[in-house]
Structure formats: C-alpha cells, structure tokens
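Note that subunit A is present in both complexes that follow, paired respectively with subunit B and with subunit C.
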Partner chain A sequence: MKKSVFINGIGAVTTQGIWRSEFFSEARVLDHAINAAEQPAYKGFISPGAIRRMSRGIKMSMYAAQQALGESFVTIPDAIITGTGLGCSEDSDKFLRSLWENDEQFLTPTSFIQSTHNTVAAQIALQLSCKGYNVTHVNGASSFESALLDTLMLLQTGEEEHVLLGGVDEIAEQTYSFLQAGGYIKTGSVRETVKTSVSPGVNYAEGAHFFSMSAGRVASSYAEIIDVKLQNELEGSQMRSFLQDFLTTKDLHPEDIDAVILGYNGDENDDLFYDALWQELPLATPLYYKHLSGQYDSCSAFGLMVAAFVLKQQTVPSILYWNEKIPPNTTWKNILIYNQYKGKDHSLVVVRAC
Partner chain B sequence: MTALKEELKRQIIEVLHLEDITPADIQDEEALFGEGLGLDSIDALELIVLMDKTYGIKLADPKKGRDIFQSIDTMVAYISEHRTK
Partner chain C sequence: MTDRGVAVTGMGIISAIGETVEENLWSLLAGKHGLSRIANFPTRLREQIWVGEQKKTNDELSASLGLSERNAFTRTALLGAYAARQALESANMQGAHDLRTGFISSTSVGGMDYTERYGPTYLTSPEWHRYIPSHPAGDSSHKIAEYLGIKGLVTTVSTACSSAANAIMMGARLIRSRRLDRVIVGGTDALSKFTINGFHTLMILADAPCQPFDMHRKGLNLGEGAAYLVLESEEIVQRQGKKVLAYLTGYGNANDAFHQTASSENGEGAFLAMQKALAVAQLTPQAIDYVNAHGTATPNNDLSEGRAMQRIFKSNVPPFSSTKPFTGHTLAAAGAIEAVYSILALQQDMVPPNLHFDTPMEELDMIPETAVRHRSLSHVLSNSFGFGGNCSSLIFSKA
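Let's look at the complex of A and B:
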C-alpha cells in the first residue's frame, strides 16, 4: 500500500522575500522584465568560508533548505532532490566568459566546479553531512515536477521517510540577456504585469523554494501531495483527456477540484493553454502566481507554495485570485496546479488538505 | 616590494572573494593556509592561475606551491625573482 506524502515545512527566497506568514499579504505585483529575488542576510546561516564562493542560487537554496527543515524539525533528510532548468548559470556565465576573454587559458576552478546543475543539492548535502540519495532533475519547465515525482516515489514506497525537495533557478546576466534578445524576456524598458502584458516575452525572475516532505503527517503539516503527471508536449485539443485521465486515476471528478492554480505569465501563446484547462474545470476557482514569482524554469514550485498556504490556512489571499469577482468563502480541499511553458513541459499536481 | 605586496593582497581578496577583508587585514608573514587566512586547496588552484595570468609564472611542480604560498612574504619573494610580466 502506498504511503501518503505530506509537506511539513517550507522555505523560500523569492522576489517577494523569504517565506513567512505575511508572504502573500505583503506581496507586490512584478512589472519589470527581470526581477531579482530579495536577498536575506546570510551571515549566521552559512559559514563565511563557504559563502564567498557561492552564487546567488546556492545561497538562496542553502537558506531556503534550512528554513524548510527547521520548520519541520528534520535535522538531516534521508534524501535531497532538486529541480532546476538552468542550474548555477551565474558560474556558467563566469566560466564561459573566462574561456572567451582569456583565449581558453587561465581557467579558474571555482566557477567550473560550481557551474554544474547539481551543485545546489551537493552543497546542501555537504552542509548537512547528508550522505543519502542526492539527485537533481533538469527538464526545462517541468524540472521541479520531475523532482516532485522522484520524491513521491521514494516516500510512497516507504524507501525513505524524509525528503528535502527543492526548485531553484538564478539570474545570470549573460544568459538572461540572451533570453531577452531571443524574445523570451520582455525588453528592459517595458513595465507590464501579467495582466497588462501586451508586448512579446514575459517577466523573468529567480528563486529558491524548498519543501520538507515526509511520509508522516504532523500537526503543522501544510497539505498532502496526491500525485503528479508530466507530459512533454500537448495539443490544445488533448487537454480534456490529459486532465480527465489524470483525475480518473485518482478517483477524482472535475467538480472535486476547489481551486486550480494556473501559470498565466502574460504571454498569449502560453496563456491559451491555461484558458483551455480552466474550461475543463468550470466550478474550480482560478488562482495565479506568476505575477508575484515571475517566470523561470522552476517557478511552479512557487505555485506549490500557494497551494500549501491556501490548504493550511483555508483562505485565499486576494492577490492570488485570477478573477476580480471573488467567490464566497468556501472550504478548500483539493487544489490542482497546472503548469507548462511555450507549449511544452506540461504538468498537473493535485494537492489536498490534511 | 611594498607596492607589490599591496597589489598581491588586493588580487587575492578579489580572486578568492574574501568578503569583509581588506589588504590591511592580511599580515605579510601570516600563514595563508590553515590557521592564518584559512585558505584551502581550491584557493591554491586559484593562486596558481593568478601567478600564471598576472605574473607569467607557471608552477609546474605542485610541491613547490607549499613553500611559495606560505605567506605574502614568500609569494612576493618568488614573484619578484621569477616574474615574466
């Protein structure tokens, strides 16, 4: 029999600051093309000797990981699983720039060592002396969901009891300028939000989000993860079967979904998919979050924080409603998170109150 | 010699990202590794690259590094004698 999987702790460093009880009530809507995460004070969290080599993504992750573990009173998890689209791109930028500027000579080791995608999970393991399963999933916009799937399999089968799950991506100046030149990111002078977006591209950002996941429920648990489904490509016409097949395997009907968290990002080609899924769930309250998080490959982890918060607090902060007409108070039991980017890397996650 | 010491200290701080440390905090005779400045093996690799890139000194024998990188004094003495840039 499969074990149930619970979110018992959350930690994050995002454009809205660190994870805290006022996280959503103090949130502001992003309107810049590139939005940096609000950095906490790292002294005291990370040793001075270690911090000097760390890029923002590593520092943010170290902080968020310790926050999540602290909240759940887990000292050393059995496994560390992260998802990232671009990995430690700041160090990749540095290393490649050094290659270019020095004619492939004088290559320094630090940025090379720290440029790999699995640096974050490895650094956390070193800090915690965690010698367990340590894996990083890199799969575009479903990197975090891939890590979540791995986490579910480990916990549901009883192979592990506690897993530290994370999603992280960082701003790297050169990489993001390429994305901007390619039209993925709005131009620097544009000031548009997800809802007022008319120009090409989306508002990009960075962030680290960690979840202390366990096979046991505790009094402070946020929510239970029911399941996750991934599909690389999907036509709009396949949306109904994509959703219904998933719900059926979980003995759920569309009317069982109280809220659907959609990844609207202001790009009309992306948003068409969210409209299509929402149409299949006419009774569900639509929520969104990329106006607060910005777009990056692992930003759907922010969506999971939204679901966890709503299910635990049984309230939806007004800034998360997609519609201006706010529905009457209700009981939030099942929340579906749908994410994709550029019509690829589709994922569905069902989260339930516990 | 004094100018070279100052220059080297600034370069070490920059290359090794020694936050909150100024050239005045690094004593000329202080050990760079272990008890002193607390540098480690990755820093040693960075210093080898620094010597090559800035002063044109290639350290072919890693065993020599142990003596050369003892302190600012030993590094400056070696650089003064062997620099090609």
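Let's look at the complex of A and C:
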C-alpha cells in the first residue's frame, strides 16, 4: 500500500523575496534580462565567516530549508534531496576564471570545494547533522522534478517519514553572459515581460525553494502530491498521449483538473508546448508564474509553491491568471503543473487539496 | 518482485584499462594498470601527476560513434555514449519497445572540458557557441539518451565521487517501485583542467601511482571513463528468458555530515551506507565475500573507510581491494566502473588485486589483496564516497 505524500512546510528565497503569506499579493512582474533574488538578512542565521565564504545558492538554500522545516516542526529530516540545473555556478565560475587568468597557478581550493553540484545538500546535511539519504539531481529543467520523484519513492514506500526537498539555482555573471551570448537570455537593455516578450531568450533569474515533505498530513499541510512524470523529449503531436497516459494511471480525467500551471516564459518556441497542453485541458483554468519567478532550471519549484498556495488558501491571486477573464471556479481540488525547456525535460505533476 | 533483487542484464565500460568489458577484465587479471602522463590536452601539471587517461581522442570517439563532425558532444558525453552503447548491445536490447525504459546517468564535470577550452572565446566569437548548451551536467545525459534512442524517464545524478552509485540505486528503486521495467544506469566523467587543478589545490594528488591502504600512501590519481549497467525487473527477465549477469541486491546511501571534503575519523557515513545496503540485501556482514573499496589512496579516505569496514565486519574483514591504481579515480563514473568490476569478480570468481600495496597501515588491522585471487564469490560490496559526505554502497550477488 503506497503512502500519501504531503507538503507540510515551504521556504523560499526568490526574486519576490522570501516565502511569506503576502508572497503573491506583493509580487511584481519581472521585466529585466537578469533578475537577482531579493536576499534576506543572513546575519544571526549563518556565521559571518560563512556569509562571506558561501555563494548565494548555498545561503538562499540554507535559509529556505530552515523556513520549510520550521513551518512543519521537523528538526532533522530523514533525507535531503535537491535538484539544480547548474549547481554552484558562482564558485564554478570563480575557479574557472582564476584557472584562465593565472594559467593554472596560484589557485586556492575554496571555490573548487564549493563548486560541486551537491554542495547545497551537503551543507544543509552538515548544518543539521543529518546523516540520512542525500542526493542531488542535475537534469536541466527537470532537475527539481527528478528530486521530487526520488522524494515520492522514499515516502510512498515508507522507507522514510520526512524528506527535505529543494530546488535551487543561482545566477553567476560568467555563466549568464555565456547564455546571453548564445541567445538563451534576453540582452541587457531589453525590458520585456513574459507577456510582452518579442525578443528571443528569457528573463533569467535565480531562487531557492524548499519543501518539507512527509508521509503524514498535519495542521500545516498545504497539499498532497499525487505523482510526477518525466519525459526527456516530446513532439507536439505526442502531447495528448503524454498527458492521457499519466492521468489514466492516476484514475483522473482531463475534466478533473481544475487548474493547470503552465511554464510560459515568453520564448515563443517554449510557449508552443504550453499552448499544446492547455488545449488538452479545455476546462482547466490556466495559471502561470514565470513572469514572477523568471526562468532558470529549477524554477518549476516556484510552480509547485503556486499550486500549494492555491490548494491551501482555496483562492487564486489575480496576478497568477494567464487569462484576463477570471473564471467562476471557486473550489480547487486537482492542479496539474507542466514544465519543459526548449522542448526537453518535460514534467507533469498532479497536486491535490488535502 | 522476488527477493533476488534487480537483474543486471548488460554492461559496458570504457576506462584507462580498456575500451570493452573484456579488455578491462584482461587488464585486471594481468595486473596491468592504465596510469600515464596526460596526453589529450596540455596542462602545467603534466609532469607532476599520473592519470588514468583513456587514450582515444575525442575525434576517434566521435568517429567510432558515427557522429557528424559538427556535433556538440563533450568528452563526458562521448565516453558515456561509447560505454552505454556496449551495455545495450550486451543486454541484447533491440526490440521490446513496449517496455518502459529509462536512463539515469551521472557526472560531476559535465561539459566543463569544453567550457574551459572555448569559454574565453564565447563573448567575442560565435565559432564554438554550439558548446554553450553542452555545459550543464544534464546535457551529457540528453546526448547519450538521444544517441541510444531512449525516450522516457531520463535524468542525471551528481553527488561528486559517489554519483554513479546513486544513479544505479535510483534506477533499482524505479524498477522496484514498478515505475520502470528496464533502466540503463551509470556514470561518465572526462578528465579536465578544472578537476585536475581543483584536486591539486587540495593537495591530495599523488606524484606517483597511488597506493590504496598503504601506510605511505600519498594521495590519489585522477582518471576518466564511463560505465553503464542495464537493470531489468525479474518479471521482464523471466518473460524474455534473458541471461542475467548478476543481481543488484543491496544499496545504501548516507551522509557523513562531518566536513565538506574530509571524511570523519570513524567513517560514520561509510558505515551507515554499508549497513543500509546489507539491510536491503537482507545479508549479514559475513555473507560478503569481497569488498571493492572506494580506496582513493588519500590518507583521509583510506583511514576513514578502513575504520568503517572494521566497524561493519569486526575481526572478519573479507578480502578487499581498491581498483583505483588500475583506472585512477574516475570521479562520478567510479561507482559504475567499479560495479562492472564487482560483477566481473562474481562471474569469474576472482578478487582483483590492490596494486602497489607495500606496508600495512598501523591504524588498521587489515591488508588488501595484492594479487589476483581465485575463490568462489556469492556477494560483493562496492563502496563509493564523495565530497559533501555523500557515501553509497551497492551489493551485487551471483546470478
């Protein structure tokens, strides 16, 4: 018998600030090419030495992890599972630059040590003295969903009770300048939003989002995760079977989905896929979030925060509606999240009110 | 699901000691190591370090894979595709498109080898821009999956030097939870200036061939390579009447939670990982006939791992060896390369030697096997530990 899996706590450091009850009502639409996360004060939370040494990705994650655990009253989780597309790019960039500038001489180990993709999960384990299962998934746009899949397997089988699940990516100057040069990110002077976008590339950003996941419902529970599905590649024509196969295994029909959270990011080649999925769910209310989060590999974790918020509050903040016309729907039971990037790393997640 | 575990029905490998499973086996039996000076790219450290480098160049690997000249495969992807192709062939995977097939790869360096080569030109010339999207770790998995024609659940693990062990574990759990029927699992990592210099700054690279578990060990040698296993559910194996190479019966993952790069003195993470793997396999420590140790030959790892082994096995430490003197430490690929060696040990009833061992460590009461030893093996435990305290153990059992 599979156990049910619940989101019992959330923590985040994003372009919209930290996770809080006014998170969506105070949100503003991003229009810059590069959007840094609004950093909280780390003083008193992380030692001054560590604040200097640690990259933003690590600090944001430590903060978000603590918020999520605190909200769910979990002190030490049984496992820590993270997803990140680019890992610790700030330290990676730093080490690479000094390698180039000094021709393999006078290098120091700190940035190399902190450059591995698993640094965030490791630093949290160290901070919490958590000796349990610890894995980092690194697969582009489905990095976070891979971590979610791992989490579901641990909790559904009853192997573990509490899992700290996170998705994090940080912006680092060299990495994004390369992505800009390649046309993946909008150029510096462009001021466009997801809706007004006409130039190629995306509004790039960063963020850390953590979820305290458990095999039991508690007072702080936001929602239940029904399941996740990953698919590396997909043709537009396969969208129907991709969705139907997944819903069928969950005993769901398209009309059971009350809202669909789509990853529209303003890049027209990406957005075609979201249009195609939406067509398969004519009764579902389309929501979007990348106008608030920006695009980065683990940004779909922001989408899960949207689903969790809507299901718990039973209300949709108006800024999340993709259509101006607000539907008459008043109860929200099943929400589907769909994400992909450049036609790769497709993921579907069904989240249910609990 | 029976208690026999998950079946391994295919494997493929490329390392410094061979481009096929057979060549790797031959080198292990002959005690022929693959360490040399680095030749595939220039580095200031060339004369200071020994590496387990695979001598096929990128052009040779591309040609062998039949890729177009303007491909954007990094060396990590090339090595991975080369090994994964063999794994599929050995599992006789043609047809059977009705099976839910996945691919779980792992890497630590990803496309860094090309970023470090062409990055300085990216902002001034578009010539090498096709390698910009090849940088992220997940890109190598995409390239390999596309090359193999796998569409479905494709993802990537990165937990430093224990990456491949965790990819193998993830695959086994996907089969056990009935989410997949079949999955190709493993890891790939290419040598790069980035990692060579990184380990150099940590002062853990030996200036001579490494000596795991030796009192006078001076550090590790880096290596490169890739290896993949094909895992299938017992149900599919029976339905297809497939030959099983071995069973993956146990796996465990724990975190040392001690230090970002150093292992704890009593090897807590390693101890917990081995303990969990034994519990999953439902085996007592006495049932393990051979341990393929992580054994990097750094002063810290071998002491910590040795202590953890003594805590698990008490005074009955089974025959053990580190095969890193053959291949160098292949980082994210190590867990997969050593999984192949563990399966070869079971198939051949053979314990591969721990080369260059001379003086026992005074802190430990255990001595590795120094020559090939033929004895009947039923269960082999393989350890992989990484930066960030990531410790993983796998148990393979005779088919």
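The rule we apply is simple: the second predicted complex is superposed on the first by the 352 of 354 C-alpha atoms of A that agree within 3 Å, B and C clash if a C-alpha of one lies under 4 Å from a C-alpha of the other, contacts with A are read in each partner's own complex, and residues count from 1 in each chain.
Please note the rule applied: a residue touches a chain if its C-beta (ideal position, glycine included) is under 8 Å from a C-beta of that chain, and two chains touch if they have at least 3 such contacts.
Values in this document were obtained by computation on a predicted structure and should not be read as measured data.
By the document's definition of touching, of the two partners only subunit C reaches A:T119; subunit B does not.
For subunit A, the partner that touches more of its residues is C, with subunit B and subunit C as the two candidates. Of the two partner chains placed by superposition, A:P200 touches none, neither subunit B nor subunit C.
In the superposition on chain A, A:G49 contacts subunit B only, with no contact to subunit C. Of the two partner chains, subunit B and subunit C are each touched by A:L107. With both structures placed on the common chain, the touch criterion links A:G17 to neither subunit B nor subunit C. Of the two partner chains placed by the overlay, neither subunit B nor subunit C lies in contact with A:G343. Look at A:G87: by the touch rule set out above, it reaches subunit C but stays clear of subunit B. Of the two partner chains, neither subunit B nor subunit C is touched by A:P254. In the superposition on chain A, the residues of subunit A contacted by subunit B and by subunit C overlap at 105, 107-109, 113.
In the complex of the two chains, the subunit B residues touching subunit A come out as 15-20, 38, 40, 42, 45-46, 49, 52-53. Looking at the complex, you find that subunit A touches subunit B at residues 48-49, 51-53, 102, 105-110, 113. Across the complex, subunit A meets subunit C through its residues 80, 85-87, 92, 95-96, 99-100, 103-105, 107-109, 112-119, 121-123, 125-126, 128-140, 142-143, 146, 149-150, 153, 156-157, 174-175, 177-179, 181-182, 184, 230-233, 297, 344-345. Of all residues in subunit C, only 43-45, 103, 108, 110, 112, 115-116, 119-120, 122-123, 126, 129, 132-133, 135-139, 141-142, 145-146, 150-160, 166, 170, 173-174, 177, 179, 193-194, 197-198, 200-202, 253-261, 268-269, 272, 386-390 touch subunit A in the complex they form.
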